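The data blocks that follow each hold one structure.
Here come two complexes built around chain A, the first alongside chain B, the second alongside chain C.
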Partner chain A sequence: MSSLLRNQKVRNALLQLLYVGSIAALVLAGVVIARRNLAEQGITSGFDFLFKSTGWDVNFTLLPATANDPYWWFFLIGITNTLFLGTVGLMLATIVGTIVGLARTSSNELAQLLGRTYVDIFRNIPLILQVFFWYALITHLPTPRAAHEAWGFLLTSRGLYIPFPNVGGGTMALALFALLAAIALPLWLGRTSQLSQAIGQRRGIQFAGAAAALACAAIILAIGRLPDAPFIDFPALQGLNLRGGLRIPPEFSALAIAIAIYGGSYIAEIVRGGFQSVGKGQMEAALSLGLSPWRVFTLVRLPLALRAMLPILANQYVWLMKATTMGIAVGFTDFFMIVALTINHSGQTLEVIGILMAGFLAINLSLAALFNRLNKAIALKGNQLRG
Partner chain B sequence: MISGNSTQTAGPALRIENLDKYYGTFRALRSVNLSVERGEKIVVCGPSGSGKSTMIRCINRLEQHNAGRITVLGTELNDDVGNIDEIRREVGMVFQHFNLFPHMTVLENCMLSPMIVRRKPRADAEATARRYLEKVRIPEQAMKFPGQLSGGQQQRVAIARALCMQPQIMLFDEPTSALDPEMISEVLDVMVTLASEGMTMICVTHEMGFARRVADRVVFMDGGEIVEEAPPEEFFTASRNERTRQFLSQVLGH
Partner chain C sequence: MEIVAPPAPGKLKDLRRRFFATPLQAVMSLISLAIMAFIVWKLLNWAVFSAVFTTSGGPEACQAAAGACWSVIAARWRIIFFGLYPYEEQWRSALACVAVVVMTVLSCIPAFWTGRRIALVWGVGTTVFYVLMKGGVLGLPFVGEEAWGGLALTLFIFVTTCLIGFPLAICLALLRRSELPWISRTTGLIIDGVRSLPLISILFTFAIVLPFALPQWLQGDKLYRVILGSALFFSAYQAEIVRGGMQGVAKGQEEAAMALGMRYWQRIGRILLPQAMRNALPATINQFVISFKETSLVVIVGFFEILASGNAAHGTGEWRFAYVEVYAFIAFIYFVFVFSLSRYGAFLERRMSVSER
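The block that comes next holds the complex of A and B.
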């Protein structure tokens, strides 16, 4: 017996058994206590409430919603809102971060100073304060009657009004898909080496691909346009309010701007680190081969910097995705706010929190999985310690 | 400007006149003069910090000189971007740390610049790349990535990559200093072959055997100056200069 206990494999197995056992016991105890407390307070647990109608409304939704819709539909609305805000916020933050990060690595001292100042200011102010600041700023813009106007865009205290094609939601989605293809197709065509004989020829093929996808988008919009309405719907003042166009509510704008600017300051540092990690030698080699500074950037510096940035960037994206829960601070109906409202109305706290956690886990684990795959696909092969 | 071969075919390959280079207040090059004929092989040696690397890095403008003139293949190296591009197209460089592009295969490393700078069709660029990989004796590594090769193999790829641009001058900046001893000869062998084919070469190296075998002239630098310039047999056996003799006794002494 004692000889068995001295076997390393047996010891490891026993320790693991003990570890898993204690965790299982803790979880079990939690469930038992929760059930007894709920029963004492007369609250029935379960997920039946999901199919009851909510009786309240949301101020921002991409999906059709009425007060008669059930809770599960509202959760779906919350998740799409969170994903929408997250996507817009992450994209803007990436653009801001790239610009500021490049400014910080540039040889221009003014650009460096501006970049450093930006990072110092916006990285050190809590996100929630920035959300409040932008929200206050936007809601103190002029009323619709005194709105700022430029190129058909109207900036008011009730939100940003932009001209929008008079088409249905499905058509819009299809057209967006075609537009995405117009960007992705040339990139993909550029990568498939069989098609690319010479640079000139490859350019032609890429251009044709982009043009075809753009034409598809135009045709989809033309077919899908609503009858008896002008193609582009311009916002215009009618009585005391604005009609027409697409309204981006102040809550959404404030959150998107705050996430873009706050996230951008973190991403700028990631971008800076990524570019600084690229060896000077590779750039010198590229220059010595006669490549122009722009080619050195796109073909050598950027691809290598991206590889250094990606793992940290994934981390930052997951973080910013969770930052969308700031929506509750200004009344944007993101997933977290829907959950908070549901808790107030239904009282099913544990279940709803469970749904919230599961939702964010699903979103962020997918994001992480996507980045891991991307990371693996472009990872440098072999031992990179040399040279 | 665009045609790439507008450089002259007569006259010296390289002429450096009164070259000065400062890093802040430190004077790295002191009025350096050097002329290299076409087909000539120059070995530059000297103690560390003597300005050898700085000098050859000025030739393709990886460093900017502060005073003096550099004329490469009849084109003066100045702030004119067109001139810089033209010179870089005709001057290949091999670095101490290879500096291959780690995200591209060996073949792509060799094809990149010919396709983009020389606008060669892909098939052409690939044929050229394979020919030079054959020449440096690693055709079988074409589809591997630099990180999967040994140091000696990487340096030979770097030589092939520079040759794929079909340059008229090759610069070597301590090409064997970062290599394990057993890999030095495979790189030197390639350089000897290249020299025997008439390439104009300027090599910063401490490989004195190579200098003896290949160099037309050995240039000794110290303190940012060219101290001595002599054919190898004279340089190694009959140097009159005290600093040269001291350096040689340190390099050859063991």
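The block that comes next holds the complex of A and C.
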């Protein structure tokens, strides 16, 4: 026996078995105890509860929802809310971050100072404090009766009201998709190798593509508009409340603003790092070829900086996507808040925690896969790699 | 021939060269200047010139003023800093915060950067903090954890998170680089699993769900469960930082130690870890900064740390309007801690990049 223990291979195998076994035993023990405790409270395990109706309501949803809908539908709503808030927050944060980051790398010292002050202040205040602050600020705005008004937009304590086309949700989604195509199509047309024209001489085709997509959007809106109603719905006071238009609830705007400002300060640093990593020689070479400063920026500096930024930016995006869970602090029904509410109401603790983990794993993995593809697509290839 | 120094550039010329060299530069300077002047003026006007600083007028006089109402801080600073801690004992809470600050400053001094000294500083500091807060010995009246609050609770969660999380991180990093495939794979799964979850969901699980999965005698106080969760989260991130530092240590170092006949723990403790920690130092400080900011998330599972006590300070009746001032004050407290820590990190990074050349 002792000679067997002295054998390196046997010892290693035993060690691994012990490690994996003890972790598995811990997890298993936890699950067994939890099932017993839950059974004592009359909760049977299993995923049947997913098909029962919830009996409670959500305060923000992009999909139709009533209190009679089953739990699985509510989880779907939670995920779409998380993704929607995350996407809006990421886009705003990227815009803020790009502006501040460019200010920090500009040759103007005053702009640099402005950018640095922004980053230093907002990076060093916890995100949740910023969420609380914006939420308090918005809910302390005047009531609908005394709303701040500008160009049909209304700022009230119940949210921001904006004029909105009088169309259904599905039509709006289709129209947005067409608008997105209007941006993406010219970019694709400019780069693809499937056209006979040389790259750089495709202005006409690009314009035609964008115009066609825009026309599609207009046609979709025209077909989908509700009959006998004005095309654009302006919010207006009716009794004590506002009717019409699109209401952006305070929870959503507070979270989106906070994520934009906080995330922007992080993205600004990534943008700055990316631009600083571009060798000075590259720009000098481009200038000596006679390119104008603007073309040096768009053809040399920006593409090279983008390649340096993208991997770090991907990490930051994943982080910001997880930050949408702050929704629970102000009562925005994101995925995590739906999970917490479900645990409260149904008591199916173990299953719901499993769904939570699976949901975030899926979100993280798909974001990572997306950015890996993007990274591969823009990576330097072949001869470009020669510094 | 006499050598003549070039004429020293005048102040005005210097300014012109720096800010108005080209028309584009001039426009950018002017725009930046305008933005700065606008913000600074608005901020100063709100925070200083039109602000109310005394409590004499009460909330009504304060609300009528055009600027900030700092009297809410003057009236409520105790609840912000100390939460629900008993009034007569609040000096203990303050002293405990000072102990943590002293401990942090001491561990920033390179003379304390050996494993034993840093452990001593943190051990003594945390004990002092705990004894002061909890009492029950040395004639101090007993104060249970449920009464702790404000800044002291924030610092307590931060310090204990680091204290548990750091050794755990080193263990996880060592296990992940183990040569035994099943050990490294399982550890990798745990680390990546924790990293893919948001901290709030982990805190929520530890605070509310874990009691179901534990036998009665193992449940412990909710505060300690939450600290355990936050330490687990911290260690998952820190383990990757330590592992990165270990990868930066040349392979020859460990091989040389092996050739000298050093045992595993000697190799790790004397050769690998000191060099790995040095490589990982800037990222580690960054992780400390992040985890200090993230202590504020415990407000969601119902703790009375500084953010929640701030909410309470403006949440009641007469000070309801003064939320901006309270949040600004709390933001300032966070800023002081986080900014000094991150500046220190930047200083270290510069210092180390110089000494490496």
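Basically, the second predicted complex is superposed on the first by the 328 of 387 C-alpha atoms of A that agree within 3 Å, B and C clash if a C-alpha of one lies under 4 Å from a C-alpha of the other, contacts with A are read in each partner's own complex, and residues count from 1 in each chain.
Here is the rule we go by: a residue touches a chain if its C-beta (ideal position, glycine included) is under 8 Å from a C-beta of that chain, and two chains touch if they have at least 3 such contacts.
All of these numbers come straight from a predicted model, not from anything done at the bench.
Engineer: Just chain B (first), just chain C (second), both, or neither: which does A:378 touch?
Structural biologist: first
Engineer: After superposition on the shared chain, which partner residues are touched by A:307: those of chain B (first), chain C (second), both, or neither?
Structural biologist: first
Engineer: Please determine whether it is chain B or chain C that touches the greater number of chain A residues.
Structural biologist: Comparing chain B with chain C, the partner touching more chain A residues is C.
Engineer: Figure out whether A:284 sits in contact with chain B (first) or chain C (second), or with both, or with neither.
Structural biologist: It touches chain B, and chain C stays clear.
Engineer: Mind working out whether A:298 is in touch with chain B, chain C, both or neither, as first, second, both or neither?
Structural biologist: neither
Engineer: Touching A:114 in the superposition: chain B (first), chain C (second), both, neither?
Structural biologist: After superposition on chain A, A:114 lies in contact with chain C alone.
Engineer: On the A-aligned overlay, A:45 touches which partner chain: chain B = first, chain C = second, or both, or neither?
Structural biologist: Neither chain B nor chain C is touched by A:45.
Engineer: Which partner chains sit in contact with A:336 here, chain B, chain C, both or neither? Use first/second/both/neither.
Structural biologist: second
Engineer: Enumerate the contact residues on chain C facing chain A in the complex.
Structural biologist: 18-19, 25, 28-29, 32-33, 35-36, 175, 180-183, 186, 190, 193, 196-201, 204-205, 208-209, 212-215, 293-294, 296-297, 299-300, 307, 311, 321, 323-324, 327, 330-331, 334-335, 338-339, 342
Engineer: Quick check: in the complex, which residue numbers of chain A touch chain C?
Structural biologist: 12, 15-17, 19-20, 23, 30-31, 33-34, 37-38, 103, 106-111, 113-114, 120-121, 123-129, 132-133, 136-137, 140, 322-323, 325-326, 328-329, 336, 339-340, 343, 349, 353, 356-357, 360-361, 364
Engineer: Considering the complex alone, what residue numbers of chain B touch chain A?
Structural biologist: 60, 62, 85, 88-89, 91-93, 95, 97-103, 112-113, 115-117, 119-123, 144-149, 151, 154, 158, 161-162, 165, 178
Engineer: Where on chain A does chain B make contact in their complex?
Structural biologist: Checking each residue of chain A against chain B gives 193, 196-200, 279, 281-282, 284-292, 295, 299-300, 303-304, 307, 378, 380-384, 386-387.
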